[in-house]
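One chain, chain A, appears in both complexes that follow, with chain B as partner in the first and chain C in the second.
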Partner chain A sequence: MMPTSTKGVLGHFREPDEALAAAAKVRDAGWKHFDFLTPFPIHGMEEAMGQRRSWIPIATAVLAACGILFAQGLQNYVMVWDWPMNFGGKPHASWPAFIPITFEAMVFWAALGTALVAIVAGKRDTVPQPPPMVVETGATVDRFVLWISATDPKWNPAEAETFVRSLGAQGVRLVDGGADA
Partner chain B sequence: MSYDHSHPRPEPPGRLALPGSVQGLAVALVLVGGAALGWAFSRGEAQLAWSSYLIGAFFALGLGVFGAAWLAILYLARGAWSVTMRRVPEAMTAWLLPGGVLALAAGLGARALYHWSHADVVAKDALLTHKAPFLNLTMFYALVGASLLLWVAFGAAFVAVSRRQDRDGGIGPTRTARALSAAFLVVFALTISIVSFYLLLSLDAHWFSTMFAVLVFTDVVQTGTAFVAVVAGLLVAAGKLRGFLNENHLHSLGKMVFASTGFWAYIYFCQHMLIWYANLPEETVYFLRRTSNGWLPYILLLPLLKFVVPFLLLVPREAKRKAGRLVPVAALIVFAQFWELYLMVAPAMGHGGEAAHAHLPLVELGATLGFLGLFTLVFGWSLARHDAVPLKDPALAECLDYHT
Partner chain C sequence: MTRHDASPYATVMGDGQLTGRPIVLAGAGPYGGDLEVPEPLVTGGKTWADVDRDICMHAERFPTRRWWIAFAVALSFLGLLVFSVGVLLYDGMGILGVNHPVGWGSFIINFVFWIGIGHAGTLISAVLFLFRQQWRTGINRAAEAMTLFAVACAGIFPVLHLGRAWFAYWLVPYPNARGPLWVNFNSPLAWDIFAISTYGLVSLAFWYVGLLPDLATVRDRATHPWRKKLYNAMSFGWTGSHRMWRHYESAYMILAALATPLVFSVHTIVSFDFATSVIPGWHTTIFPPYFVIGAIFSGFAMVITLMTFMRGYFGMKNYITLNHMEAMAKILMLTGMLVGFAYSTEFFMAWYSGSEWEGFVFRNRAFGPYGWAYFIMFTCNAIVPQVFWWKKARRNTWVLFVVSILVNVGMWFERYVIVVTSLHRDFLPSSWGMYALTRWDYAILLGSFGLFFTLFLLFVRVLPVVAISEVKGVMDPKVARSAPEDPPTAAAPLAAQEA
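Our next item is the complex of A and B:
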């Protein structure tokens, strides 16, 4: 791999189906650091790009369990151990009274935690080198843009450009470091 | 999104019919139900017989009305994912006419079921006298009958609109169905309250609960989505509707089962907690009745069957996508609905002073299986009358491409 100032190669498609077919070909050709910028989510794109399942749901489950433990711990500490009070003659440790707080804390921890985890994971798990800010007019309207990053182990500018052309992409071009990044 | 042009449409699957084995099983279940009810009647146990009848009739009625409610929800939510399985709820509405008549016939057992139907009891009971303008047999037949008639009418209208689309195609029938759906959901909210108040809540005529109608609604949705999941899962497992129905559709359906399972727990707990908190004698009587006289283990099993076990089993993604994993859980949820109806009806049977004792619900289960068998036969008959997939629905292409 030669050192290069090229950041990657761009090409776009006019139809979501072409983008799906292209994604499968890029995956099968062994490219790893590539991404698609589409105006709307395309059904089946994850499979076509060969993405593994996200681990974020597991984080959500763990956070939900933490929320449950936190709420139960807090309520039992406050209501039973630290400052027991008599509410309508009910036992201090009354599980029905604790359920709403437990439920809300579970939702709160899971939702907020998932958002934070998703932000961190989005930074970590994305293509090592995202495409430059202005990639293609129409990328948010009706173009489906393929980006192969120069950080890919297979990277070779000429080969990459030919390959993207061979997929039937339009407007194929190499993007330099300083051009429009 | 217009990417229908590039997808060759799969071969139209023609019509679906219940396999002979399922039909045979359904007939056997009807015989079991008839035998159970006949046995209880022949022994002169009118309360046991009629309470079993009511449990079975309401169980099947819930599945029938779910068909119409589910169609309305999907039309209004524009749930394109469900287009290829629309025939299932459509066929479920076929039960509304025979099932409605059978449910209304529970009024014939009013003397055994409802102590508000005894004039002498009402005369000595201030609360029942106060409620008598609502709780009397004339009003029972008029209001429940009118509600069931509305369900039959809306069910038939949904199916008729769908047939029109099968013939003519176009977006017009979909628009009509959406308007019908909006009207029906309002009608449904009122009528499910009326039907559940008369048939189930009035068993404990002294008791009341503002959560009751929404609880029964939740039961209907949870059991109904689970029933659709059983049917759709078996269709996928059998390779029927190949190309039209796949694990992505099952996944979304499984999510609905999962969501309604969580919602059931929410509502059932709400009802319990409000009563527990306020601790008013006229409210707590409901749970006192259902936790004493041997009922405690039965009611403790309910949250396990209806929530904890199916909820935990349905958490993994694959549990909703694989028919082999979704169908057993959905079947468990359908069974759990029987368990809940048993706990709504049977403990209330010891009217007034003497309490009903817990017993293994063998006659109740037999009757419910009988109604399920009858429902299955009507469902299968209706399913076989039309093409298995609404091929001219404008949302079909989106449904075929569905990923989740």
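Our next item is the complex of A and C:
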């Protein structure tokens, strides 16, 4: 990190295609701690930013398996072990009757878990130093904002600013920690 | 609006210019041929910044007189619900129409009716999402909210139907001091608890995940610091970072993929409540698909009803265009025909099975003392939607509105027919009887509409009623982008530390 309080450089694009092209250039120029803040997701951005596919599906699969185990465990414990009862001479472990709840529990665990995991993952998987929240970027309105964090190994304020300008970004500015640090 | 250089969408200002057919750009295609592009999903030459303004506006200003009037009406019906439920709990089930042999009455009818309505929201969000139907973006938020409120209405009825509603928690399997005495997992009624609660909570999660980016938009527009803090917390500090979007999109896709079979499973399990019994008229294998398609049908009818209001009273005509309404009309007609097909199949099977009991129940259904209900059901559900073969009817909001109301009436009567006509003439003629709703049945039914509309009216006041970030994604950037000369958005005093 630089001794100054500069946190990074911001610049924005007006169209998703411009942002996509810029992202590939930033990636190719060797920047690591950069991010795009956009009003909606852009197709192909993961690749342009050099990110791997999200690992959320794996979390979902694990959670779904937990749901299945939970439902099967509960139903078999209750119906076979804890209080077996004779319903019309059918077997205690009447597995077809356990399918609906097993399915519902699988969806329940997987869906709610995925939602929570995605929120937490999104919060944690940021650049080491995201733009301060108080800086109004317009990224939730109509701007596709590029942020290069000052924590980047290549960081040099003047160079970064020139580089972002060279991408054709508008409103390029360095942001310091100053008032809001 | 001068910067809309080449886009064919820049000049489409409203419903009057939409035809429901592609726009033909002469000479713009390959080799100098014509290029056909679909009509825009958002009209009026809106920019992305306009979308924020138009949609957040309703949550940012003091409610209009119209809203207050609608809210007062809805709230008084909610009051009716609270009062009648109070009377019901105090006096007991005797004040209702249920009797012997019709032991399942209006509460089961209302439960299936509301749960059915609740199906369109998740269908629109999940199934149409997986099928890449981009027109869903205009209506999915409100439809998902509708789902949640319909499930809330539906949830009341089985609990009240228990008779001793204060023991409703006995339905949940938990270690207890009664043995522990567990629920019977072989029973479809126990499956129902899991299905409905899963559906309600997963729909809530799906809806909320969809809301996150829009809550951040509302936050960034907020001027009051407390409002900013509140919406920031609600959006979990959403910044729009693509590192967040990456996980978000993945999660949203998975939620859609999980919600799709869930939609089908829930009404399937609701139909098991009937189909696993041995009552003629209920004990049929067609019930799961028949219930699911009926649910989608009634849900879409309610979506059309609500969208008509949103277009009219909330000025959403640029976002929920006639093309959206036409698409919904087509789904309504398709599902209406499937429902009609199910009615006919049931009749055919009653005859073809050679089962005396089954045959009697169906003859009795259509031509017995409740033939009028069957007639209403069949007319409203299978015949009325046929009007949508005509494009003029699909694009006329009055026709759409009237049909949607009739379908809702018809679908309520479908459940009435299923529940009442299968029960009222038992196997022995000595156990025959008739069923009629009492004033309390009616009061609680009307009251449930009060709950539904109260919740919906509160929703349109506090949250973005259209999925802002999704709508932005389907707009043409050439029309929607910001002006190049714009200074950095709302160059706020706090952001004055520019280099």
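Just so we're on the same page, the second predicted complex is superposed on the first by the 171 of 181 C-alpha atoms of A that agree within 3 Å, B and C clash if a C-alpha of one lies under 4 Å from a C-alpha of the other, contacts with A are read in each partner's own complex, and residues count from 1 in each chain.
Throughout what follows, contacts are C-beta pairs under 8 Å (C-beta built on N, C-alpha and C of every residue); 3 or more make two chains touch, one makes a residue touch a chain.
For clarity, every value in this text was computed on a predicted model and none was experimentally measured.
Enquirer: Give one word, clash or fit, describing how chain B and chain C relate on chain A after superposing.
Expert: clash
Enquirer: Touching A:Ala97 in the superposition: chain B (first), chain C (second), both, neither?
Expert: In the superposition, A:Ala97 touches chain B and chain C alike.
Enquirer: Between chain B and chain C, which makes contact with more of the residues in chain A?
Expert: Higher number of touched chain A residues: C.
Enquirer: Can A:Asp176 be said to touch chain B (first), chain C (second), both, or neither?
Expert: second
Enquirer: If you stack the two complexes on chain A, which partner ends up touching A:Glu15: first (chain B), second (chain C), both, or neither?
Expert: both
Enquirer: Quick one: classify A:Gly44 as touching chain B (first), chain C (second), both or neither.
Expert: Only chain B is touched by A:Gly44; chain C is not.
Enquirer: Touching chain B and also chain C: which chain A residues?
Expert: Correct list for chain A: 15-17, 40, 53, 57, 97, 100.
Enquirer: Okay, in this complex, where on chain A does chain B touch?
Expert: 15-17, 40, 43-44, 47, 53, 57, 61, 88, 96-97, 99-100
Enquirer: Residues of chain B touching chain A in their complex?
Expert: 1, 3, 6-7, 269, 272-273, 276-277, 279, 315, 317, 401-403
Enquirer: Mind pulling up the chain C residues that touch chain A in the complex?
Expert: 47-49, 52, 173, 179-186, 188, 190-191, 194-195, 198, 201-202, 205-206, 208-209, 212-213, 216-217, 219-220, 232, 236-251, 254-255, 258-259, 261-262, 265, 269, 272, 469-470, 472-473, 477-478, 480-482, 484, 487-492, 494-499
Enquirer: Please give the residue numbers of chain A that touch chain C in the complex, ascending.
Expert: Going by the criterion above, the answer is residues 6, 12, 14-17, 35-42, 45-46, 49, 51, 53-54, 56-57, 60, 74-75, 78-79, 82-83, 85, 87, 90, 94, 97-98, 100-101, 103-105, 107-108, 110-112, 114-115, 117-119, 121-123, 125-127, 130-131, 133-143, 145, 157, 161, 170-171, 173-176, 178-180.
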